[in-house]
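You will see chain A twice below: alongside chain B first, and alongside chain C after that.
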Partner chain A sequence: MLKIENINVFYGLVQALWDISIEVPEGSIVSIVGANGAGKTTLMRTINGIIKPKSGKIIYNGIDITGKDSNYVVSNGITHVPEGRQIFPKMSVYENLEIGAMFIKDAWEKRKETMEFVFSLFPRLKERINQAAGTMSGGEQQMLAVARALMGRPKLMLVDEPSLGLSPALTLTVFDALKKANKEGVTILLVEQNVKKSLEMAKIGYVLENGRIVMKDDGKTLLANPHIKKAYLGV
Partner chain B sequence: MAEKIILETRGITKYFGGLRAVYNISLKLNEKNILAIIGPNGAGKTTTFNLISGVFPVSSGNIIFEGKDITKTNPAERCHLGIGRTFQIMQPFEDMSVLENITTGALFGRHKYSLKEAKQKSLEIAKRFGLFEYKDFVGSKLPLAYRKKLEIARAYATSPKVMLLDEVMEGLNPAEAREMIETIFSLRDEGISIIMIDHIMFTIKELADWVIVMNYGEKLTEGKYDDVVKSKEVIEAYLGKEETC
Partner chain C sequence: MNTFIQVLVNGILQSGTYMITTLGLALAVGVVGILNLAHGEFLMVGAFLSIIFYTVFGIDPLISILIVSLLILLLGIGTYKISLKKVLDSAEVNQLLLTFGISIILQNIAVLYSGSKEVMVINPPYRDLSWNIEGIGISFSKTLVFIIALILVITLFYILNNTKVGKSMRAVEQNRYGAYIVGINADRIFKIAFGVSVGLAGLAGVMLSIILYATPFIGFNYTLKAFAIIMMAGMGNLRGILWSSLILGIIESALGTYVPGGTGWSEGIFFFIILIILLVKPEGIFKK
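Take a look at the complex of A and B:
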């Protein structure tokens, strides 16, 4: 479904991503693990068009989306849970959710139905429906960021640290929500510091170090790898 | 020997309009101890920090620091007395470099360093918290986990006696969280007393001398980590069926 071929990304003169190639098969969950500063968020932002790669290709369902603007990427069914929430603080929870559906025709038509679904996942958001999002707690804002991305009824969801700031119980809720979405056909590309959980549920895992892919395998195999245990699980 | 209490809250309560965010929270922080506050999202943990650091005035209750009632003081005064804090949703001075951010902490902290001293101090602090290679980055361009470190570095630069750490483990992988545990122990060993909010349970287990659990703005229970996590109410309200790392 998504094929990234040899992309190179720079910030000014500094190269952040080197020759990255990744494949995300339709219907799968693919996880990328790596230390902070390795380039995971840069990769997510390159796929959704916020950052343009200097070279390489990003092919989505056979279409070349390299260097396309984010609005084009979103309207083709790729939504994003950005790292660090990035909700609209002065708008209400309801408005934040509407925005998640606004730029995708099908999602906009079905927004009421989808909203019921996200409220069933996160009842707290329903309680706060008219509250300005910026006045909610950090964890509640994170729930909203995940819910907003689901509102777009994505085909592919780029999920950057969905469990950030969430309680242990809610972390499970979020992972369950991702699995549910995946069962309903949403393909997921996941970056998550909860390395254990994210590799357990991933069909394929990639390891990103210093801007380069250094390993690729199925999730469970990676989890058993001694290097992963030491570098990412601290075991 | 009885431990000395450095910071205490007595029944602090906060209403936002009709919403009761924090109700009747009493806690005691012993000198050179690490106290953890855990609880579901929206339980009032960060609001409690905001009351202790003076961001919001309390609706009722008292805050005692080193035996003095500081309830009526403002955040700057509390910082000068020696209460430093970090923010969960990071608040770097966005257009300033990492080094300038830390220097600002040193300039306006407890010791009121001169600019020259503050600059020198901030270089040492940047090294200590693993920020040296990022020292010239502007705050807003820093990767998320490094913004967390910057929060700690800037709070530390104010020479606090008490540090309030709001989810400094957030966004760290388990190996990085382990390093952060060492950093927090090193602060404690220097004589700083710490209150931390976090969800990464293995870090709480290792660090906390005492744990307070909040739910719906109130204290649900408190105790040693091992006892608290066995509590049925805590499992139901917070941990869920399975304890995650």
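Take a look at the complex of A and C:
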């Protein structure tokens, strides 16, 4: 479904991603783990079209989306749970959800139905449907960010550290929601600091270090790898 | 009693002028966050075009208003594409410098056209028309300005809250990065918002050409007053613009009637009220 081939990404003169190649098969959950500053968010933004790679290719369902603007990428069914939530603070929960479906044709037509689905995943959001999003708690805002991305009925969802700042209970809720969405057919590319959880649920995992992919294997195998255990699980 | 009602009527009608001249800028500044110091000059160009259409081609302002608004909307889109777009991501002072530059250019073009003529006035047949109801005089053209202003405020309010393009405008202002994330073409939204904003300024210019006069230099005062009303209303608050305009209009009218020589102070009082509000409630009095 998504094939990234040898991309190189720069911030000004500083290179952030080196020759990255990643493949995300349709229907799967693929995890990327890596330390702070490894380049995970940069990778997500590059796929989303917010940052343009200097070289390399991003192929999505056979179409070349390299260097395309984010509105094009989104309209083709790739949505994003960004680092730091990035919700619209002065809009209501309802409006935030609605806007998640607004620029994807099929999603816009089915928005009522999708909203029922995301409310079944996050009943809390339904209770707060008319509240201004900026006045909600951090955890609620994170749920909203996930729900907003689901409102686009994505084929591929880019998920950047969804558990950041969440209580263990809420983390479970969010991960459950991702699993349910995946069962409904959403392919997920996940970046997580919660390495154990994310590799457990991933079909394939990649390890990103200093802007380079240093390992690729299925999730379970990576979890058992001594280097991963030492560097990321503190075992 | 009659004097009091007359004061009220005049004040309400005067508020129409404030609303119509502020509305466009409220969209640019308050909704999408573009600081446009040339707002009043786009308005002035609208007034000039209206006067030209009337004197040269004999077309009534109430007919040319559509063409003029559209022309200035296109002028706005052009301005956005060749200049404003490039400074949106840099410091706000760049927007101020750029739009100030544009205001001077528009002023100079107007001077080239009007040459030595001091002021330009037109006299469409309904200019001095007024109704007299139970001794209360109601100016036709000012009523027209008020009604159009009201319709525009309500329409814009509706668009911002109920349409894709309106919601996108609010989204872009609240979180630019979030807007990209959900697939909003922010560049297109800024272009539309700025185009409509100055188009509305042009429309205001046409309406003012019916009740007032035009010179190349009328713009700055309107820009300043519009900024002041937006601050008073609270950023992005269109309903606040309505109330603020009404309050200012009625105070101004009362002053002119009840205080000897009061009309002479109206400008001073206008900014005095704004100053007090900024000191007491800097976020605007109608901010929810």
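The definition used in the following text is that the second predicted complex is superposed on the first by the 235 of 235 C-alpha atoms of A that agree within 3 Å, B and C clash if a C-alpha of one lies under 4 Å from a C-alpha of the other, contacts with A are read in each partner's own complex, and residues count from 1 in each chain.
To be clear about the criterion, a contact is a pair of C-beta atoms (placed from the backbone, for glycine too) under 8 Å apart; a residue touches a chain by one contact, two chains touch by 3 or more.
These figures come from a predicted structure and were not determined experimentally.
In the superposed model, A:G100 makes contact with chain C only, not with chain B. With both structures placed on the common chain, the touch criterion links A:G205 to neither chain B nor chain C.
Legend: residue contacts after superposition of the two complexes on their common chain; A:G219 is shown touching neither chain B nor chain C.
One of chain B and chain C touches more residues of chain A, and that partner is B.
Look at A:D69: by the touch rule set out above, it reaches chain C but stays clear of chain B. With both structures placed on the common chain, the touch criterion links A:P154 to neither chain B nor chain C. Of all residues in chain A, those touching chain C in their complex are 48, 50, 69-71, 73-75, 79-80, 82, 86-91, 95, 98-100, 102-104, 148, 152. Of all residues in chain C, only 164, 167-168, 170-171, 174-175, 177-178, 180-185 touch chain A in the complex they form.
Chain A contributes residues 33, 35-37, 41, 83-85, 124, 136-143, 161, 164-173, 193-197, 230-235 to its touches with chain B in the complex.
Taken in their complex, chain B has these residues touching chain A: 38-43, 45-46, 88-89, 143-146, 167, 170-178, 199, 201, 237-245.
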